[in-house]
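Some structures are shown below for you to check.
Same chain, two partners: chain A is paired with chain B first, then with chain C.
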Partner chain A sequence: MSTTELSAETTTATKPNLLAIINSRHGLRLITAGTLLLVLLSITRLITGADDLTSSGTMGTTLRLTVPILLAGLAGLWSERVGIVNIGIEGMMIFGTWFGAYGAWQFGPWVGLLMGVGGGAIGGLIHAVATVRFNVDHVISGVALNLLAAGGMRYMSELVFVGKKGGGISQSPPRKSAIPTFDVPFLAGGKLFGWKSPDMLGSIEDKHWFVISDLAGILRGFAFGMSWATLLALCLVPLTAWVLWRTRFGLRLRSSGEAPFAAESLGVKVTRVRYLGVIISGSFAGLGGAYLSVVSFSAYRQGQTAGRGYIGLATMIFGNWRPSGVLGGAMLFGFSDALKLRRDDSIPALFLFISFIAALVMVLSIYRKRLIPGVLAGAFGVLFLVTYLTVNKVPSSLTQATPYLVTLLVLATASQHLRPPAYAGRPYRPGESH
Partner chain B sequence: MVEETRIPVADGVGRGLSKLMTPKLHNSKNGLITTASSIAAVLLALVISGIMLKLTGKDPIAAYRKMIETGFQSDKMLEALQRATPLMLSAVAVAIGFKMNLFNIGVEGQYLFAALIAAVVGAAVSLPAPLHVAFILVVAMAAGAFWAGIAAVLKVKRGVNEVIATIMLNYVALSVIQWLFDSFFRDSSKSDLNVKTKILPRSAWMPDLASGRLSSMFIVALVMVFAYWIVVFKSRFGFRLRASGLNSVAARTAGISSNRMIFTALIISGAVAGLVAMPSVLGDIHAYGQGVPDGLGFAGIAVALLGRNHPVGIIAAAMLYGFLDATAGVLQIQHVPSSIIDVIKAIIVLTVVIVNEAVTRWMNRRTAARTSMALQAATPVGALA
Partner chain C sequence: MRKNKRFAGVALLAAVGIFATACGSDTKTATSGTTGGTTATAGTTGGTMSSTPLNLGIAFDTGGRGDGTFNDSAARGGDKAKTELGAKLDELEATGDQDRKPNLETLTKNGDNPVIAVGFLFGDDLKTVATANPKTTYGIIDSVVDAPNVKSLVFAEEQGSFLVGAAAALKSKTGHIGFIGGQEIDLIKKFQAGYAAGAMAVNPKIVIDVKYLGAAGDNAAWGSPDKAKEIANGWYAAGADIIYTAAGGSGAGTIDAAVASGKWAIGVDSDQYVLATPDQQKHILTSMIKRVDVAVFETAKAVQSGDTKGGVQVFDLKVDGVGYATSGGYLDDVKDKLEAFKKQIIDGTIKVPTAP
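This part shows the complex of A and B:
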C-alpha cells in the first residue's frame, strides 16, 4: 500500500521536519519498510498481472473508503485521550449520517457536512453528560447511545422523510449537489486556468514499469479526482496530532486521560476538558457519518454506517492511540476493502503478497537467530504460496471478509506494544483523591 | 461491572469505615433500594420518551395506555417471554465476559455461526426426540465456543485485543456463513423462494410450552441464567474468574493464571452465545435460513449492562425488553412509529444507570456523614467494624 507517503505523513505529524525524520532511526526504519513493501507489491503485480494492486483507481477508492473509518478512529482517539472510553462512536456516526443527509438535501453538501458534525457533537454531549457528569460506566453509556441513535434516527426518518420525493422510512431524499472534486495540475492532468496540463503521473503509471509505475499510481490516487471533503478529512490527522501533542490545550487533554488527579492538582479543569474532548470526539464521528451520506453516497440510508464506528475503534487500538497509527490502520482497511470492491482477481494476488512478506519475516528472524518464529513464518509463507497456486478464484462471499481478515492477520503477526491512556475507562470524580 | 469498579474512597480512617462505604449489592436493604431506583428510572425514561413523542406531535398518554392495555393480555405476555428468551441467553454470554473484564462484542457472530452449524449437523443425524434436541444444543454450544475460541487464542497467544478480534470475527462469520450456506448447505430440493437449510426431522423440534406462543427454550434460558449464577457467583471457579477480572495481577499472585481464565471465560461465553438462535432454529423455523433473527448479540450487551451482569437483573431486563418489543406493533396502529420503542429502550439504559449512580452516591454520602458524626462523638474506630 501507500507506505511511503504514509511514513512521510505519519512522521511529520510527530517530528518537526524532514531532515529530522531521516536522521532519526525510527524514521529511517519506516522509510526502509515502506520501500521494501513497495518493491514486494511491485514484484507481486508483475508476477500476477493484477495491475489494480497499485493503480491510481485503487488508491482513489482506498481513500474514499478510508475516510469514514479514519474519522471514527480519530473520534475514538479524542475521547480516550481524555480518559473516556467511547463505544458510542457508531451511534454518533448514525447521527452524522442523518443530519448530514438532511442538511445536504435542504441546503447543500457543505451545510450537510456541518450539520453532520453538529449531530455527532450532540451525541458526544449526551455521552459526556452521562460519563463525565454522572460518572456512569463508559461502556454502558456508549452502548445506550448506539441504541438511541439507531432508533431515534429511524423515528425521525418516519416523521421527516416519509412522503418526500425519493425519501422513505429507511432513506432520505438525495442531496442537492455533490462536493466538487479536483485534479492536481501537472501531476494528474488537472486544469490550470482552463488549460489542461499534462498528466505526468498518469503517463508513468500506464507504462507498468517496475516500482516507478507503482509509486506513480499510488501518488496519483492522491492527486486525481480528489474530493475536497477527503482532503479536509486527511488534514485532520496532522491537525489532531498537532493539537494533542504540541499545544498547551492538548497537554491538558492528555493529562486528564493519563492522570486526572495529578492534572487536577495542577489546576487543570478536568471536567471541562473531558466535556470538550468527548464533544470533539462526537464531531469527528459525526463528520465521518456525514461523509458517508453526503460524499460516498448521495443520501441517508438506514444502517449506512454498517459497523464503521466499531471498526474505527478497532483501528484506534490497532494504531496504539496515535493519529498516525489510526491513519495506518484505516488505510490498511480501506486498501483491502478497495481491492475487493474493484476486482475480485486482485485477491489471489494478495495471497502471493502475504507469502512474500512471510518469507521476509522468516529471513529476518533467522538472521536474528530466532529459529522458531522464523520456521513458523516460513510455514505460513508456504501455506499462502500453495493457496495462491491452487486457488484461481475466491468466492465473492469470502472476499467480503478480506479487510477484516487482513486486520486480524496483521494484529496476530505484528508484535504489539499497545499502551492505552492510563486512566481511560476508569471512574473519576473531581476532588476525590485527598 | 459497575459496582465492582468503584473503589472505596476512604483510606486512612480505618478498615471499618471503608467497609461501611463500599456498596454491597447482595445486602438486602441495598438490593431493595436498587430495585426501587431502577423502577423510578424506568418511569423517568417513559416521561422523557413521552416528552419526545409530544414534541414530535404524537399523544404519549394514548400510546402508553394502548401499550399497557395490549401488553398485559395473555398472548402478548407470552410473546414478551418468547422475545425475552434469546435476550437472556445473549446477556448471560456477554456477562460472563464482563465478569472476567472481557468485552465480547462477538456474540452476534458466534450465535449466527452456531445456528448454521447446529441446523446442518442436526439435520444430518437421526436420534430419538429428547436426545436429538439435546445433541443439537450441544453442537450449537460447541460451534459458538469454537468461534469465540479463535478470539481467545488470538488474545492469549498473540495478545490481540479481544474487542477488535471479536468485532472483526463478527464480519468474518457473516462471510463464512454466506459462503458455507451458498456452496454446501442450501437445500436445493425445493424450488422454494424461502431459502433455508434442510428441514430438521420432527424428533429435533423443540416442543412449545404454549402452542405457537412460547418455546420451551424459555426454560433452557432460565436454567442457563441459574447456571450462570451458580458457576460465576457460587463456585470456586467463579471466584477465581471474578478475582482475575477485578485485578489480574493480584489474582496471579494468588496462583490464578489470568491467561487460562481469559481463555475459559471466552469459551464459555461463546458456548452460551451458541444457544441464542436456538429458539428460532429448533422452535420456529426448524432450519437455518431466513427468519433467524440478527442483532441479538448487540441487544444482549444492553440487557447485560441494564441487568448489571446480575442473574436477577438480567432476567428482569430481558423481560422488560421483551415486553417493549411485543407491544411495538400496537403503536404502529396508533400512527406512532414503532421505532420509538428502540428509543425508549436506550433511554431506559441511560436513566437506570444514571439514577442508580446518583442514589448510590447519595447513600455513600449519607453513610459517610453518619460515620463522621459517630467518630466525632468519640466512638472508637474498632466499634464500627
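This part shows the complex of A and C:
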C-alpha cells in the first residue's frame, strides 16, 4: 500500500524479482501492522477493562459478520481487476441469498451454497453480457441488475415460497440443516475420537494477561465453533491472491484490466477473459449471499443483504484492490459490527482504540511529511478520545456510524496512494486501439 | 454499427428491468383482483351479508402478508372483514420508503374506504394523503396522525410486554433474560419498559440484557435476523435462558439461536408458534400478541356502520387488544399468576411504565 510498493508495480522492470520483493515487503508490513494492532487492542482492554474486546466470542462473531462483506469485496476485486466496474454486487448477492436458501431448504446446506454460487454467477453473466458484449456503461448495468434482482427474487418467492410452511412472499422456509461447525482439538477443546481434548487457548484467554491472552482469544475465535463455510470463505483470500498474482491466467486477467489493448496485441483473448472475471465475481457475490441465508441465518428474507454489496465495494477500495487489503477492510467492518452486538462496555473501548489508531496514523503521516492527512487523523483521534472520556453511554446513532467514520478516516489518509486497475470502467472494444 | 450494438444493450437491459418491475405490480393487481372476485361471488351467494358494500384497502409495510408477525396480524384482520363483513379487499405492500405514499394514493383512487396503513412509518405520508382526500376514512396502526378523517389505532404494548416479562421471570432458571429491540425509538422502548417491569415484578434481582439493532431511522434493523442471532447467541452463552425480541423480521434470528442453544425465545405481534416449524415450536415460550387484526377489523366495521370520525383508539388489555400466547402449553404452570397480573393491570393496581 505504500509508495515504494506501488511504484514497483507500475515500473516495468524484471517481473519475477519485483514480485518477490513486493511479496516479502508486503508480508513484513502485514505482520508489523498486525502486531501493532494487537498491542494497541491489549492496551485498550487493560485501560477500559472491557475483556470482551478480544474474547474468542467477539472474534467468532466478527468472522461471521466479516465473511459476506469479504466475499462482496473479493467479488468487486475480481471484476475490477479485469476492467469491469461492478456496482451490481448487491444484486448478485440477492440472487445468492434466494438460490442459497432454496437449495438449503430443498436439498441441504451445501447444495444451498452451491446454488447460491450459481445464482450469483448468472447475475455475473448478465452483467458481463451487458458490459463486455454490448459495452453498456458499467454503472448503469450494475444498477439495473440490482433492481432486477430485488424485483425478480420477490417474484420468484411468490411463485415458490408462498403457501409453504414458514415461507411467504418475503421469506423462504428454513433450511433443512445447518452446515456443521468444529472445535480444533487441543487449541479450543475439540473432540478427538470421542475424547475431549484440553482447551489450551481458552485457558490462556481466561487469564487476561497482557497481549498473550488477547492473542489467545483472537486465535480461539478461529478455532472454536468455526463453521466449515467460514473456513472455506477465508481460504478464498489466499486463493484469489495466488490465482491473480501467481498464475498465467491471473496475469491475463489483470492485464485485461490494466491495458486491454496491449494484452490484446500479445494474443490475450480480452473479451473471454473479461467474461470469466465477471462471472467469477458473480460467483463470489453469490456465495456471500448464500452465506447470509444458509450460515448466518436459516432462511432467505427480503432485504437480507442490507447493502453489504456496497460495503464490500468500499472494502475493495479501502484494500487498494488487493485480497489482503479487502480482508483487512472487511474485518474492520465485521469487528465494529460485532462489538455493537456484544457487551455494552466494548463500544467505549472501541472509541479509545480508534483514537489510538488515529494517533498512530498521525505520527506516521507527519513522519512521512504528509501534513494534511496527519492533521486530519489527529483531529479524528481527538474527537474519539473526547467522546470516550466525556460520554457515559455512547448514543446509538454514533455507534452505528463508527465503521463508516473509520473508513472515512482511512480513505482520507490513504486515498492518495490508492491505485485502481488503470482501465476499470472505461469502454473497450476489441481491435479499436488508437 | 458499434453504436447500434451499444444502444441495443441498453434497450435490452431496460426491457428486462421494466419486465421485472411489471411482474411485481402485475402480481399485486392480480392478487387483489382475485380476492375481489371471490368476495363478489361470496357476496351474491351469501346474500344475507351486511348491506353497505365495503371496500377495505390495506397498505402493508415492508415484509407484508407472510412476514409471520406484524403484517400478518393485520392481514388476518382483513381476511376476517372479508368473510364476516363481506368486504372487498385490496392490498398493497411497500417494498421500500418510496412506495408508501403512492400505495396509499393508489388505494384511495381505487375507491377503497377505509384505507388502513399498517405501521408507524406511514405517519407523515398518511397525513399528506388524508388531508388531500377528506372524503376517505383512514386508519393507521402504531402512530397518532391528527386529522379529522384518520383513526389512529395504538396499542398498550407495555401491558402485553409486562405479562411476557413476568412469564419470562417465572420460567427462567438462571435469573438472566434478554430483550432485543429493532430501532431505538419510543414505540419499541414501550416493549422494553413493560417487559422489564413485568420481570422485576416477579423477581426484583433478575438480570435483563438489552440491545437495539439500530438507531432511529435505520430500517435495516427490522430485517437483520443474522445480527439478532449473534446477539442472542452471545447472551445465551453468557447464561441468559429467555430472550424477547421486538424487531419485526429480525426476531426470527433469536428463534434460530434459541433452537441452536436449546433455550427459549419470546415472539412478538402474532403468535409466532403457529407459523413456526416443529423444531422451532419447542423453543417459543410465548408471544406478546398485539391484536392488529382486531384494530383492522373494528375499523372496517366502524366505517361500514357509518362511523368515519377520526381520533385515537387505544387497544389495551381491557379490550384484549394486547395479550400473551399460550400455544404449546409451556405457560400452563404459571398461567394463574399471569392472569392475576393481568387483572391487576386492568383494574389499575399495577401501572405499567411506557418508557424504560
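One rule holds in what follows: the second predicted complex is superposed on the first by the 371 of 434 C-alpha atoms of A that agree within 3 Å, B and C clash if a C-alpha of one lies under 4 Å from a C-alpha of the other, contacts with A are read in each partner's own complex, and residues count from 1 in each chain.
The rule is short, and it goes like this: contacts are C-beta pairs under 8 Å (C-beta built on N, C-alpha and C of every residue); 3 or more make two chains touch, one makes a residue touch a chain.
Note that the structure is predicted; figures quoted are calculated from it, not measured.
Asker: Answer with first, second, both or neither: which of chain B and chain C does A:Leu46 touch in the superposed model?
Answerer: In the superposed model, A:Leu46 contacts neither chain B nor chain C.
Asker: Taking the superposition as given, does A:Ser170 touch the first partner, chain B, the second, chain C, both, or neither?
Answerer: After superposing on A, A:Ser170 lies in contact with chain C but is clear of chain B.
Asker: When the two structures are overlaid on chain A, which partner does A:Leu231 contact: first (chain B), second (chain C), both, or neither?
Answerer: Neither partner.
Asker: One more residue to check, A:Ser298. First (chain B), second (chain C), both or neither?
Answerer: Once the two structures are laid over each other on A, A:Ser298 reaches chain C alone.
Asker: Which partner does A:Ile311 reach: the first (chain B), the second (chain C), both, or neither?
Answerer: first
Asker: With the two structures laid over each other on chain A, which partner does A:Arg342 touch: chain B (first), chain C (second), both, or neither?
Answerer: In the superposition, A:Arg342 touches chain C alone.
Asker: So, does A:Leu408 touch the first partner chain B, the second partner chain C, both, or neither?
Answerer: In the superposition, A:Leu408 touches chain B alone.
Asker: Where does A:Val139 make contact in the superposed view: on chain B (first), on chain C (second), on both, or on neither?
Answerer: In the superposition, A:Val139 touches chain B alone.
Asker: Examine A:Leu65 and indicate which partner it touches, taking first as chain B and second as chain C; both and neither are also allowed.
Answerer: Only chain C is touched by A:Leu65; chain B is not.
Asker: List the residues of chain A that touch chain B in one complex and chain C in the other.
Answerer: 130, 134-136, 140-141, 144, 147-148, 150-152, 154-155, 158, 307, 395, 397, 400.
Asker: So in the complex, the part of chain B that touches chain A is made up of which residues?
Answerer: Touch list, chain B to chain A: 1-2, 5-7, 9, 56, 103, 105, 154, 158-161, 163-165, 167-172, 174-176, 178-179, 182-183, 298, 301-302, 305, 337, 339-343, 345-347, 349-350, 353-354, 357-358, 361.
Asker: Across the complex, what residues on chain A touch chain B?
Answerer: These residues of chain A touch chain B: 126, 130, 134-137, 139-141, 143-148, 150-152, 154-155, 158-159, 307, 310-311, 313-314, 317-318, 395, 397-398, 400-401, 404-405, 407-408, 411-413, 416, 418, 426-427, 432.
Asker: Considering the complex alone, what residue numbers of chain C touch chain A?
Answerer: Listed in rising order, the residues of chain C that touch chain A are 2, 5-6, 8-10, 12-14, 16-17, 20-21, 23-24, 27, 62-68, 93, 95, 184, 211-212, 214-216, 218, 220, 223-227, 229-231, 233-234, 237, 249, 252-253, 256, 260, 275-277, 279-280.
Asker: Which residues of chain A touch chain C in the complex?
Answerer: Those residues of chain A that touch chain C are 57, 61, 64-65, 129-130, 133-136, 140-141, 144, 147-148, 150-152, 154-155, 158, 162, 165-171, 173-174, 178, 292, 296-299, 301-304, 306-307, 337-338, 341-344, 395-397, 399-400, 429.
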